[in-house]
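Notes for the one structure printed next.
We call the chains A, B, C, D and E, going by the order they appear; numbering starts again at 1 in every chain.
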Amino acid sequence: MSEQPMRPATPMLQQIAEHHSLLQRFMGVSKEWKGFVFLLLAGFGLANLAIAYVVVDGRLDGHWYDIRDLGNAVAGLRGWMQDEGFHPAVPYVTTALLGALGILSVVGGWLLIGSWVERRVLAKFQIRQGPNRTGPFGLLQPIADAVKLMQKEVVIPRAADHFLYYAPPVIIFIPALLGWGPVPWAERMSFLDLNVGVLYTIAISSLGVLGVFLAGWSSNNHYSLLGAMRTVAMMVSYEIPISIALLAVVLLTGSMQLSTIVAWQANYNAWLILLLPFAAFTFLFASTAEINRTPNDIGEAESEIVAGFYTEYSGMKAGLFMGVELGNAILVGAMMSTFFLGGYTLFGLETWIPGYLILTTKIGLVYFLFVWLRGTLPRFRLDQLMGYAWKFLIPLSIAQVMLVAIEASIFARWDVPAIFPLVAFALVNLGLTVEMVRRWARALGYAPEIMAQQPVMATTIGGLKAAQKMRGG
Amino acid sequence: MPARRRQGTNVNSTVEPYVLNIGPQHPSTHGVFRVRVVMDGEVIRDLDMIVGYLHRSMEKLAEERTYTQNIPFTDRADYLAAMSGNLGLALGIERLAGVEVPERASYLRVIFAELQRIASHAMANGTLVSDAGAWQTPLLYMFREREKILDLFEMTCGARLTTNYMRAGGVSFEPPPEFWPALKELVAELPGRIDEYMELLADNEIFLGRTRGIGVITPEDAINGSLVGPALRGSGVPWDLRKAEPYCVYDRFDFDVPVGIRGDVYDRFMCRMMETRESVRILQQAIAQIPAGPHKNDIPLALRPPVGEVYSRVEGPRGEVGFYLVSDGGPAPYRFHLRAPSLINLSLLRELARGASLPDAVVTLGSIDIVVGEIDR
Amino acid sequence: MPPIPAIQDLSITLAHYLGLAGTIFAIGTVIALSKRNAVAVLMGIELMLNAVNLTVLAFSRFGAGFDRTGSAPLDGHVFVVFVLTVAAAEAAVALAMAVLVYRRRETIDLDRVNLMRW
Amino acid sequence: MESPGIILAFFALSGLTATSALLVLVARNLMHALVFLVVSFLGMAGLFLTLSADFIAVAQILIYAGSISVLMVFAVMLTPLASRNNGSTLYVIPALLAAGGLSNIIGFIAIDTDWDERKGEVLAQSDFTTTVAGIGDLLLGKYILAFEVASVLLLFALLGAIVLVQERRRAGEEA
Amino acid sequence: MPAGPNQLLGHRVADAIEAALRGAVTGRHVEWVEVRSDRVRDVLHFLHDSEAFDAAQLSNLTSVDRHTHFEVVYHLQSLDLNHQIVVKAIVEDHENPLLPSAYPVYKGALLQEREVYDLMGIRFEGHPDLRRLFLWEGYPAYPLRKDFLSLGQITGKDVNPGLVRFPFEDTEDPDRMLNAGNIVTGEREAAAGNAGQAQAGH
């Protein structure tokens, strides 16, 4: 009717109308900042180019100041200390502390960045703004949150088991840190390069169960106990598919050492996700169950059992639980990258780019996938999840392990260039996986077309008789 | 959990039943609604609902206010569908006092009631999916349309939630000129949005797994249990007051009634979704047909209807909103009763929840779509 | 009884491990014998099994005598693997029995489960 | 085994293990006892590491601390009305006497016997770098029969546990 | 004619009820049928089962306090035939109103009867779960009764059979709180004093 422009009716609408995307926000910042960021990136790139040149030149390889591999630096430091004639305990303790510090700073840094990323990205998924008041783009929000959490009063239920109430936040933090031990960040950059690394990973991940259970039990709250029992049941069930999926990896690569697994993938230029798609899917899905993330976050399903096993925790104790959840997500990202996505390697580019940067990028991608899932999917029910593990993932995983065992023995005995068997394996595994999943799903009675029947349209009204007529016809 | 000592032995029970208190502050009770459930593991054995945290004794207060003064109470009862409540009471007063309504006012009433239905269904479906565990994304998407509708309300009557818009004899304000282009834009945009939601949710495997076959209500139970609205239609009973007892000018519009097939949570969800589509159809026709004219007839400030009683009802988003008004000839109603669909739809809650697991019960409660302001009044 | 060694020539020997294993085995014995709760008794048995594992591993590590009999040095490890297997199986069955007994009698107090029939 | 790290680790771990085993004995609450038991298992895994048995140590964490303790948790939770009291005991004095005698005998034998053990350089040279491949070879070579028997045992234990705990429906009781 | 669009004539319904259940109808009106309070369940059964009336749904159940007696109003709805029937049960006993419950006929009466009991104080015989719905157990009055005076109407000289004080302001029984055992000991005297003042002030 009228030609006049639509006026924003509310302050909220005004805010939305003035809303800028991240890029627009960046275009709007002052020239000094833009120049600074540009200089930073350019300097980093130039430094990398220079180092790559020197590396290719062959002058710097293997020395401690080679930033492609900080492990070299630590090794150099250790050698220097041994040459200087310190007591043998000193290099040992120093390098151990340095490694621990590195892992702590990675995890701690991620706890700060990851929560910002999660909230911000999730907000973009949900057409919201997300944190944008503290600092540029709300970057200081995690710090503000942490300070807030630390200041909060810690309320302890009177009926709680005091001895056990204090322990769980710490207990479940330890595996979340220990799990980082065997992750190879670059060729020689691994804190604890165990030759039973895969087994170690599984064993450490099974330790978190007890912390979760104790948290639920000692709170003396039915919601906590329900959440704890759900989580324990789920974790115990999903450890089996994880173990079997990793068994396939171990069979194919012939080693339980994480660095060897990565080296195998780098050697054949083949990511294991291409060779073992079902194992990769199993690992990813079961990991979401292990670390309580959507769509498997039934342990702390907020619409059902408030906050699950940490309902009664407040202040920084609850903060620790949330931090562990975040840290576990990023740890699973690291494991996923290491086992299935080639770890710190990127088809030869790791000689040019520091390996830990490649690994961090891959971790970030997996983490983004987690956030994406959280912003998209509803939650499973406990019985559905358990059925999915026991009826679907475990049988198919076992079948896949048999297949991989045959393939591994062929691979070890067949004397042709590796590219032929690997491409054949990839095709066979992909085809068989698709076929097996389809057939097994049919056998379990899965019928999507009947499920999604939509309501019918009635033009007349009526009661029971009309209903029976509609049902009959 | 330290075990309580129990007298006697019950050899059949494998797990100790315990009492779980859900609410009044719980994310999935949609307000200050409380249920105490007796649980056996994850399975609900028994359920007792406790309401009244929001009880304001609206019906008693209404007996001391004039008929027009009572209209704001209907906003506060069902605060997610204030327009429908307004409309029901306005129709009741008109029928009781014999007030005529201009035709344009009837069309405006239809337009606002249908907008309110879309907004309320968006809220209901969003919270239902949120209850099913989608972390607020569908809810916030559906808030996008609801915000636009509330902006239209704000333009017209100054309030977003408690509109107080319908009056005996018409509506309180003529919409401003910029209302119409905004409404047309919204109506043009809505079908695409609804298709988007259907695409996102109607075929989602997890959502189907969570809602198909859950909380099944047979048509016999639904009718006998006084269920109304989408809860009744989801069970397969094609009953809609807009067609059964056409009030305002609903008999002039062409629309269908979506009816569920199996009576489970998914059918109730989809009924709401498709009703939104039908509401858009009604809106399109209403915008095309609306005549010029006054938007209300003036009535006396202290209306004194003759002695008598009336039960007027409209099809709100949650079903039949009924007003039972008894007049003794005075300026205030002698008796004012609001038939609250949210409360009465809960009649079957106990039967539905017994034997269901906790997540299923939460989804079922979400699909019944309660508004606690209306339950407690 | 040899004299207690001085701190400076303290070296971990087989005897240390055997002594520790004996202590833990004894504690496990006390738990298994004296507790009334079936789960607690099972805890004691697990402790005893752990002590045995420690002994076997210590012999495998220190035992020069086995080399002469032609055994591989990892035989002890294999034995421990079998013990772990049996322990897992035993724990699963024992706990299942505890649950079953509880279902029939509402107690897992071993002194009150004294009838050899259900 | 003379390096200070190993000595320190041995004494710390043995203290931890023995203390928490003792606490399993004296804890009044069954859940507390369970927590101490897990600590004891973890200390034992550390002791296995000092014996350079890496595979066994990790398996110990996986099986004992990760699985058997969770099994016990389930057993405790599935018997809700039973006593959670770990303090109630019977025949403590005889048990203590028997265990004391036993540990005395073991200690006496351990200290008094000439074990002809590896010492010093020999011990350091016979240190295993990895045990996984060796254990695998032995399991699938020399001890293949025992391995198969153990797998059958595990299968039967699994089936037995399921059959035991399965809820039988009574005749009159419908699903 | 009846006020509702599809409402059945009261006389027609009354005749049919009288033919089937002799003596149940006490009064006829063009809009509603008045039935004897002790036979209301039979009437509802008859209307629910009869082919001609097919009152499948209890649309609304409420009550009106007429000072000397109560009216309990049933709005019945036939979905197939699309008509509405209004039945009123007259409860003569104002002191101790009692009525058979409609729950055996209509499950939808479950919460509506609880609401009527809570706010109007009419007891329903045979209701499976007759408790207060909105107010707490032990609330001393029924607010929708006409002799319950809301706070704005209370004057000093009025004799108030309804609610004067909240239970925790009761000077005679200061320990009586919402929940037994929840005693605020320090404020006992103050509460008593306040209650007295409030009474005088009004």
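The rule we apply is simple: a residue touches a chain if its C-beta (ideal position, glycine included) is under 8 Å from a C-beta of that chain, and two chains touch if they have at least 3 such contacts.
Note that the structure is predicted; figures quoted are calculated from it, not measured.
With centres taken as mean CA coordinates, the chain nearest to the overall protein centre is A. Distance between Cα centroids is largest for the pairing of subunit E with C. By number of C-beta pairs in contact, chains C-D lead all other pairings. The centroid of the Cα atoms in subunit A and the matching centroid in subunit E are 59 Å apart.
With centres defined as mean CA coordinates, subunit E is found 69 Å away from subunit D. Rounded to whole angstrom, the centroid-to-centroid distance between subunit C and subunit E, based on C-alpha atoms, equals 72 Å.
Contact with two or more other chains is made by residues 55, 59, 67, 74, 78, 81-83 of subunit D.
Multi-chain contact residues of subunit A, defined as those touching 2 or more other chains: 217, 461-464, 466. Under the contact definition stated at the top, the residues of subunit B that touch 2 or more other chains are 1-2, 14, 223, 237, 239, 244.
Listed in rising order, the residues of subunit E touching subunit B in the complex are 3-6, 31, 56-60, 62, 64-65, 73, 75, 79, 82, 84, 86, 106-112, 115, 119, 133-136, 143-144, 148, 150, 152-153.
Contacts from subunit A toward subunit B in the complex involve residues 1-2, 4, 6-7, 9-10, 12-13, 122, 125-128, 159, 217, 220, 222-223, 225-226, 230, 294-295, 297-298, 301-306, 374-384, 448, 451-464, 466-468, 470-471.
Chain contact summary for the complex, subunit D toward subunit C: residues 1-2, 6-7, 10, 14, 17-18, 21-22, 24-25, 30, 33-34, 37, 40-41, 44, 47-48, 50-53, 55-56, 59-60, 63-64, 67-68, 71-72, 74-76, 78-79, 81-83, 85-86, 88-92, 94-96, 98-100, 102-103, 106-107, 109-112, 115-119, 122-123, 126, 128, 131, 134-135, 138-139, 142-143, 146, 150, 153-154, 156-158, 160-162, 164-165.
Residue ranges of subunit B in contact with subunit A, taken from their complex: 1-2, 18-21, 26-28, 39, 42, 129-137, 140-141, 144, 147, 151, 154-155, 160, 177-178, 180-182, 185, 202-210, 212, 219-220, 223, 233-240, 243-244, 256-262, 267, 270-271, 274, 357-360, 362. The part of subunit E that touches subunit A in the complex is made up of residues 54, 56-57, 78-80, 82.
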